[in-house]
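After this come two complexes, each holding subunit A, first together with subunit B and then together with subunit C.
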Partner chain A sequence: MTRYLIKRVAQAVAVLLAISATAFGLFYAAPSDPALIACGPKCTSAQLAAVRTSMGLDQPIVSQFTDYVGGIVTGRTIADVDGTPIPCPAPCLGYSYSLHQPVLAAIEDRLPVTVSIAVGALAVILVLGVGSGLAAALRRGRATDRLLSGFNLLGASVQIYFLGYVLQLLLVYSTGLFAPPRYVPFTTQPAQWALGLLLPWLVLGFVNAAVYARLTRSQMLETMHHGYVRTARAKGLGTLRTHLKYTARGAAGPLVQLLGLEVGALLGGAFITETVFGLGGVGKLAVDAVNGNDLPTVVGTVLLAAFFVVVFVAVADLVVAWLDPRVRFA
Partner chain B sequence: MAAVSVAHAFRRDRFGIVSLGVVGFFLLLSAAAPLVAALYGKNPTEHYGQNETGLLSPEGLPLLPNGGVSAQHWFGIEPGLGRDVLTQLLYGMRTSLLIALASAAVVAVIGVVVGVTVGYLSALVDRAFTFVCNVLLAFPALLFLITLGPVIQTRFVGPGEDEPAWMQFAVLILVFSAFGWVPLAMVLRTVVRSLREREFVEAARALGASRRHIVFRELLPNVWAPVLVHLTLAVPAMVTTEAALSFLGVGINEPIPDWGRMISRGSDVFYDDPTYMVFPGASLLVFVLAFNLLGDAVRDALDPHTVR
Partner chain C sequence: MSARPALRVRDLTVTFGTARGPVPAVRGVSFDVAPGEVLGLVGESGSGKSTIGLASLGLHDPARTRVEGSIQLGDAGTELVDAPESALKRIRGSRVAMVFQDALDALSPYHTIGAQIAEAYRIHHPKTGRKEALERAAAMLERVGIAAARASDHPHHLSGGMRQRAVIAMALINHPDVLIADEPTTALDARVQHQVLDLIRELQSETGTAMLLITHDVGVVAATCHRTLVLRDGEALEEGPTKRLLTSPTHPYTRALIGAAPTLNTPPGTRLPTVDDPKPKPRTKARLRTAPDRDRGVLAEVRDLRVDYPGRRRARPHPAVKGVSLHVARGETLGLVGESGSGKSTIARVLAGLRRPTSGEVRFDGRDISGAATSTRLRRELSRYVQLVFQDPYASLNPRHTVEQIVTTPLRIHTDLDAARRRKRAAELLEQVGLSASHLSRHPHEFSGGQRQRIGIARALAVQPRLIIADEPVSALDVSVQAQVLNLLMDLREELDLSLLFISHDLAVVRHFCDRIAVLKAGELVEVGLRDTVFDAPSTPYTKELLAAVL
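On to the complex of A and B.
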């Protein structure tokens, strides 16, 4: 297991480095003048020169990249448009010239919103997706199965940017059944926190649940026919207990991997959900940064999102290795 | 599997036939959009609401109920600019489908060539491929799609200039293809790895066939089933991603009609004029639902092992 762990972590670090190099190269090297974009249209030529030096654009691209990566590890000091030095402690993801704060600080302000959305949506995905997949597999071919697959197909086909508005109109605006979507910190008002995010959770969870329902169902049905499941049944174990205890464990591998990817993606920002429900999370920050040509923030959010995906995919792999000895010793 | 038995299996699938009909209807409508628009007597760019009185209120909202649905404008008119919704929908569908189908074609070529080749070649190539896949899969694809458009734009279009229409399409097709080939190649790699141990490949090798011959003549004809399944499910995914990008304001720009931008515009006035968003939203839902059902039906028909 230790060997597997080391191998997997090394792989994750390599993937992250490759992603940061690509993102950095594309966003800093490709546009004609990142300094002009960062500085904005009302920038004087002196300010432009200052920004260019501050962004390190007079340096070769390789040393710009090593500076950036070095900043992530050790932190560094970056000069603002007017030349004020801004300390950017590790892990420094750069400095946003339009928000006038380090990118990480901007992300930290908004991360609680994104994490809150992710946690609730994940719960809905688990209950609705995995739960209905289990139910459908156990009642295969019956009315329950067909009803659930129809419901999930609808979820797979409907779009958040349509369903979200329709539900807001019907459930919030017209009837007042749901509280208007908003974010209040969990630590101060847990009840309001849950009420304000309930609708975004349900919509985001419903739309994403279909994949899990389908995968759970097919995995369960496939594993059910293995010899060890039959042995458990033959020894007199009840249907439900056999399937939950033995079949589910054998079937869980691909599900765990997909969930890992999902958690990582959700933490990187739910762009559309945040936009539709007007919640100011990391996704909204990223979209606003793109629309406002705020390159340092764009690169920072891309890296953060990639970081979450890589970490949670690796965690999922470890869980799979723990569940399934065949993976561990392969 | 013989094509005849596949067609036979497909014909027995009621959902498959209906969804094929719906998808065919959408494809036909978008192909014949100029003809339909000419018969209907409207075009997607003219500002009817501003040019004719009695259509829009001073606030820019349709005067007639339900978004201005009338005998003149069957699906109503756009709030603000006052364009005809039906023709916008028709031409918007062309935008989505053009991008999705072109990307699917590129994805098919890259995915097949890479997947089949990697599946057949040595372990070293396989390792490199796995690493590239890991990198591309960990990429926050949607965020990347969002960011790449403006970056390419600043690179090739001077400040103050408008991005030419073909470039907007090209950028989207390029980024969809850049990410889209990965899952297909991964599926095909697995398929080919089991195929290459089969007798017919061994026989070809024993007869002294070149690697090229084996890859292109022996292996390639055997992977069309997974490719077809993958593509029928990839097209609706690309249509919705394209709409999502336009919804977020980084897709296709005015004045090219686009479903995602219609929904985005509809969201601004949603509580005053919900009808304007319902038409593109519902069209997208029906289209994607039909395409997903079609994809399922194709997979069931092609794969006799599907657990039903």
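On to the complex of A and C.
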């Protein structure tokens, strides 16, 4: 077990290093000059050179990268455009010259929004996707099954930006059934938090639910054929309890794996949802940074997204191993 | 025995609704099982025997299945057909319990055996605490010969025999009035089968439980059942005390079913009776020889063969074959017998050039072929002379290919015949194995298991190989089909002068079919000798034990 954990952590670190190096390299190769952007259009070439030196852009890319990685571990001091030192404690993800704040601080400002969206969307995915998949499997071939699969197909084929705008128009602006989407911190007003995010949750969850509904249904139907399910019924266990205790357990593996990926991806930011509903989350931060050539923020958000995926895939593997005692850590 | 039967079945008819319309699986079957009595339900696949078992628990999907007639339980005559699910739930596992065939599949891999047995108890004793139920489960495990400490093990940590014992413990924990055992020992090695059958009988007679034993194996019936009911195509053909039924069957099908499976008393090499041909005459003279023509020389041999399977990560490699030397002479049939895990299939794979030996010599016709598994060229050359017939006729034929493609592929690889000639040869081969040229354009799913195995044999014969390795070629087949395929192989062996390596766990079949026998145990050669020597005067205790377990 310890060996497995060490191996897993080493694997995660290697993935994150590779991803940050790639992001770093790509932006270095890009034609735009971060120093020029930071300095502004009225920059003289002497000023530009000074800015470049203070930003560390005159260093070779390898040492820029090692500085960056070192900063994540130990923290470092970064010079602003005019040379004033800015302390950046570990884990330092660099300093955004466009936002004039450390990248980590910029992410920390927006992460609550992203986490809030992710948590709610996940709940909707579980209820709509996994729940309807279970219901469809238990009522296979009947009207419920057909109705649910049609409903899910609708979700899979509609786009977030379309559904999001249409629902906002219908439910918020025309009828006022829903509160206008907005973010209120959970810690201050939990009720307002939920009301303000309800529509984004439903839209994001609904659009992603179809995959889970299909997978749940097919996994359940496949597992139902196992002898141990029949054994449970032969013991006198009721149909529903049999399927929830035995069939669902057998069906859970691939679902948990996929959910692990989904959680990681959702925490990395849901740009389209955030944009449609005007919520400033990590996804929007990342896309704005790409458009504005804000290299440190881009690398920081990419790294964050990768970190979440790596962590939650590992968590999913642990859950699968806990569900199925035959799985060994290797 | 009390006046009323524990289980009373009258005019039971079970119909499955399929896409092609209703298919009757059981047609008007009636029988009684008295308390303490064991009734055997014998029949081949499709005879409806398992369907009767499931119907007795009301386990059929009501949306697809129609159950008619009457199944009554005990003195009160509780009717099970069309009983509401809530009533059935109370009966299942408490008054009627079931032991299924494949214990690995029948036990949940996710829960410990203790928890699974305890659950069976708690469902019907809801006031019992978890701890008390677990204690009862542990005691029940002790009763079936498993240490109570193993209750916290998951099924995959237990041997096949222990798993089946755990399933029996689960079925008997509530002292059911009726026990339905569906092929309870079919997946087990003969020695373990013997032990498990003894255990079931002991527990059943101790508690006075009525038992319905469902099996295809006449030997199991003979050893276990008071009375026997023979089923065919969903209909009851004949019923009576087992002894009378086995010694003087009245129905020709029963006679064929009994005669089709060779026993240790069947004259070896004779044609076996089948359902279509109850009194067979051989196409060629029966092979009654006991000594092969030794002077014709060795065709294939392994010397001091060792095969290790790599261990998981740092675990030590697992030795599957530990220094075995044996040979197949030209024109002889060598039988390789042993329990699961004894290394028989590994040896076959090495001789076929599919597995690289860890050490030792492997020769075919004097030539070193130990590198065949890693050299595509050598393996291809070897496959010109060595062909395989596999156990599972469903898995070993490509479902997307036509029979013509299946049978002609070896010809395409090894000969320069053109398409028309290959087709002609394929037609000949099909005739030879008892099919016809009109089958060429069909796909495997259109054939029965026995016909598929014939196709597999035709494919193996296509390039006129010098050695055929048949790995459990008849163990997946019904007995009457097994008899047909064995008859066919015996005919072909004489007509084509084949050399065979015949692998089987069934000693009676091996005795019937093989000239020489090699007995393996845990990767080692225990005994090798002429058929009559091994069977009439076995020299090792292990062989004697194996023979004693044959039912």
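Throughout what follows, the second predicted complex is superposed on the first by the 306 of 330 C-alpha atoms of A that agree within 3 Å, B and C clash if a C-alpha of one lies under 4 Å from a C-alpha of the other, contacts with A are read in each partner's own complex, and residues count from 1 in each chain.
Assume a residue touches a chain if its C-beta (ideal position, glycine included) is under 8 Å from a C-beta of that chain, and two chains touch if they have at least 3 such contacts.
Here the structure is a predicted model, which is why all the values come from computation and not from measurement.
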| item | value |
| --- | --- |
| Partner chain in contact with A:A143 - subunit B first, subunit C second, else both or neither | neither |
| First (subunit B), second (subunit C), both or neither touched by A:L237 | second |
| Contacts of A:Y228 with subunit B and subunit C, given as first, second, both or neither | second |
| First, second, both or neither for A:A191, with subunit B first and subunit C second | neither |
| Partner chain(s) touched by A:P325 [first = subunit B, second = subunit C, both, neither] | second |
| Subunit B or subunit C, by number of subunit A residues touched | B |
| Which superposed partner A:V62 touches (first subunit B, second subunit C, both, neither) | neither |
| Touching both subunit C and subunit B, counted on subunit A across the two superposed complexes | 141 |
| Subunit B-facing residues of subunit A, complex | 11, 14-16, 18-19, 22-23, 26-27, 30-32, 37, 141, 153-154, 156-159, 161-162, 165-166, 168-169, 173, 218, 221-222, 261, 264-265, 268-269, 271-272, 275-276, 286-287, 290-291, 293, 298, 301-302, 305-306, 309-310, 313 |
| Contact set on subunit B toward subunit A in their complex | 131, 134-135, 137-140, 142-144, 146-148, 150-152, 154-155, 236, 240, 243-244, 247-250, 260, 263-264, 266-267, 270-271, 274, 277-278, 281-282, 284-285, 288-289, 292-293, 307-308 |
| Of all residues in subunit C, those that touch subunit A in their complex | 57, 59, 63, 85, 89-94, 97-98, 100, 102, 105-110, 119-120, 123-124, 154, 156, 167, 170, 312-313 |
| In the complex, subunit A residues that touch subunit C | 141, 226-228, 230-239, 246, 249-250, 323-326, 328, 330 |
